[in-house]
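Alright, structures below, take your time with them.
Next come two complexes, and both contain chain A; in the first it sits with chain B, in the second with chain C.
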Partner chain A sequence: MDIQTVLDRIAAQAAAGDIAFSAHAQVAVRVQRQLDDPDCSIEQLCKLIAGDPILAARTVGVANTVAFNPGGRAITDLKSAVARLGFSALRALTASVIVRQMSWTLPSGEHKAISIKLWEHTAHVAALARVIARRITRQSPDAAFLAGIVHEIGSFYLLAQESVYPGLLRSNLECWRGDGEAKVGRAILQALEIPHSIREAAETLWSGFLAMPPASLGDTLLLADELAPVESPLGELMGMSRREMPVEIEILVDGDTLSHILAESAEEVASLTNALKH
Partner chain B sequence: MTAFCPQPQAIKSVVLKSGDFHFGYGPTRISTLLGSCVSITLWHPRRRIGGMCHYMLTDRRRPPGMPPDGRYANEAFELFLQHVAREATIPPEYQAKLFGGARMFDNSDDGRIDIGAQNIEYGLKLLDEHGITVMSSHVGGSGRRKLHFDLWSGEVWLAFPEGEGARTSKRGP
Partner chain C sequence: MDYASLPPREIERHARNIHPGAWAVEDRQPLSTLLGSCVAVCLFDPQLKIGGINHFMLPDMGRARNSDVDSLLSGNFAMEALLNALLGKGAKKVRLQAKAFGGGTIIDSGEGAPSIGMRNAGFAKEWLAREGIPLVSSDFLGPWSRKIIFLPSCGEAFCKRMVTNMATADVIAREERAYAETLLRKTATADKKIELF
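Moving on, here comes the complex of A and B:
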């Protein structure tokens, strides 16, 4: 199999909007569209979200994390959860359901395991990006959270294509981290009508150049990606794993250090990561 | 953050190889590729001047009368100090960023001296001794780093293509 040809074909399909969502993800897609409606009400949203038990449970779960509920006042109903999260964070959560479902039809246990690890990595990046945005780069935490959720969307799509192109993941995937990931990711983010600022952040991630110290939403995402304790399994498949050879990063922010800020925010990051993982 | 951004065609590109050093101002972008070597950037935020070195080793027994050699950290730093004095500035007025020091062999128990780690420690020590604040650092790991330093803004752009699983570390100030 000529991997470059296959990746080009996958990217072209995605660019043409030829992306199949499961019935499950369609609820999340409808919620995304509803969020774009300026007349969207909380009642309408809740009715839609209630149609998907996983999205409903995740909405309430995330609303109760330390990240969104520092006071520790637990809520159990959907309407309060949506009100607490706000529409931007809710957009990120629905995106998480869409991203996650992409690889649910994977043929083998091996591929499912890759998918689970990829999601674990995604959850870490999203939770870290939210904290980095708030405490370090002064970007919108919700935008950073969404950027983290969707940053591996191309990889999830690639995984899902294993059923169409058996053996795809055993191929030489070097060109995936070249421009394949950017081509496919760009097309899917466009098809899902993900906001421009998030797509721009993804472009920074794909270009790979991090401003030191980080400043933009793209830098926020890149830094979260580098700091995530669980690395993308796609890197391992390409023989680019960096386990046991950590990079040390330090940044001075208003007299405080990145390591100190992250240590302070560890509970917040862990609570959000866990809520996303389940 | 950036007060002045030159037209792309006006940007002068300076590429540092191991042991090279550049100090200047204006629309200049200094670039380099790092493995176990370390690059330090120094930038004066008010005067908008600065420089970058690319050293390979910490120090050596320097032959008498020899000019500083940028391949060694202490001598590269001497070059910095010469330019800092020539510009009628003092080291603590500068902001530093430090990069590189990767371990280039995928085996931590092979008895090899970790040159990258030594280079990092030595660079941080030199900066500390001269009262220069380290604004950011991205060091260690095991891959190559591509680095651009824009002298007009003090911004540094870093690509670490295989980079992931980083950790933060508590170092001065």
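Moving on, here comes the complex of A and C:
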């Protein structure tokens, strides 16, 4: 079967809502639904989150990062962590668990390594997007964070399909970059009931056109993706890698420059990236 | 038509494409160009709401006599042609803002190859600094070709980094090479006409 047919089949399967989440991710999916409930209480949420040790640990860990805790006052309980993060950031964290688990059942070490690098890239993009939203594009930092977390969801899904279509990642993935990624990603974001603004941001990412200077949530995500020091391993497979060549991207922002703002925010980005990686 | 309200892909459909060595000034119609190692500079006058774009490279004159000077003159010509076209339409130099893109390395031709794009990008930055025109955003270098869309009525620019497969890279490189050859021919002709004292 040729790669285009396989990708079309995967996209159709995702579009039909035929996406299986592992038992582990079910907790995160339930938390997402709870967050949509206008009567949702912190107590109910904490009870649910406590059912997933990884989500619980990540919630407390991220709440203690410089990004969410610039004053350095550490907390150890889930309830305080949820209160500090707020529901929007919590939505992003639950999404991170769902995204990450998609490739936990990968067959080989090689694919596991790709998945680890893909998650590392995701963590960098999410942390950078949050800073870019706050300091450059004046978008919602929480929305940008969530957009960063889910921006490679299609790639994680593709990785998970390696067990169904062995050799998939060794194929010519040019058509994945063409519109395969958008088709699959769109379907999964829809299935996860990810907010419209985030799905629109993903569309900008897939189109690849970055407004210079960046302005929208989509530009925020695309710029973060271009700036991430760890590149997507799928991007590398598709020939989109920087191949260690120098790249110069610069933007004037209210008398400041992008590179200066990024240098100033390096600690915040590093703390959040690390909290997401573990 | 309000082009600014359209998504970039739609704007691209309405855009006038600018080839290597060319420039254009418009007050409404979007402009676009496809870059390899060349550079495109967009200039915009926010008060007059008019803008233009060029697409150029510095020719590589090798070890020829006066090669550096000739090369820089060629870059100056590309920039001044765009600037003069804008000034001719009533734009004021003090109001101009710039955005610049390109200088990629789409065909890895071994040692020294990245310096072609670097030289073009470096020239654009230096020229703008020398003329006192602020460079408000730029995306240079890397291994990609770039699609640029520019809206001259509002100064918005979009830059898409693109995977360049061998076929596309060949097409872009061929166009750029043809352009580079015309630059070399021009310089040779000019060389014969100049009398040095």
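By our rule, the second predicted complex is superposed on the first by the 276 of 278 C-alpha atoms of A that agree within 3 Å, B and C clash if a C-alpha of one lies under 4 Å from a C-alpha of the other, contacts with A are read in each partner's own complex, and residues count from 1 in each chain.
To be clear about the criterion, a contact is a pair of C-beta atoms (placed from the backbone, for glycine too) under 8 Å apart; a residue touches a chain by one contact, two chains touch by 3 or more.
Computed from a prediction, not measured in an experiment: that's the story for all the values here.
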| item | value |
| --- | --- |
| Clash or fit (per the criteria above) of chain B with chain C on chain A | clash |
| Which of chain B and chain C A:260 touches, first, second, both or neither | first |
| Touching partner for A:213 - first (chain B), second (chain C), both, neither | both |
| Touched partner set for A:174, first chain B, second chain C, both or neither | second |
| Which superposed partner A:248 touches (first chain B, second chain C, both, neither) | both |
| Partner chain(s) touched by A:232 [first = chain B, second = chain C, both, neither] | first |
| Superposition-derived comparison: chain B or chain C, residues of chain A touched | B |
| Footprint overlap on chain A, where chain B in one structure and chain C in the other make contact | 177, 207-213, 226, 240, 242-243, 245-252 |
| For the chain A and chain C complex, residues of the former touching the latter | 174, 177, 207-213, 226, 238-243, 245-252 |
| Chain B contact footprint on chain A (complex, rising order) | 177, 207-213, 215, 225-229, 231-232, 235, 240, 242-252, 257-260, 262 |
| Parts of chain B lying in touch with chain A, wherever the complex brings them together | 1, 97, 99, 103, 106, 108, 133-143, 146, 148, 155-171, 173 |
| Footprint of chain A on chain C - complex, ascending | 7-9, 99, 101, 105, 114, 118, 121, 134-144, 147, 149, 156-165 |
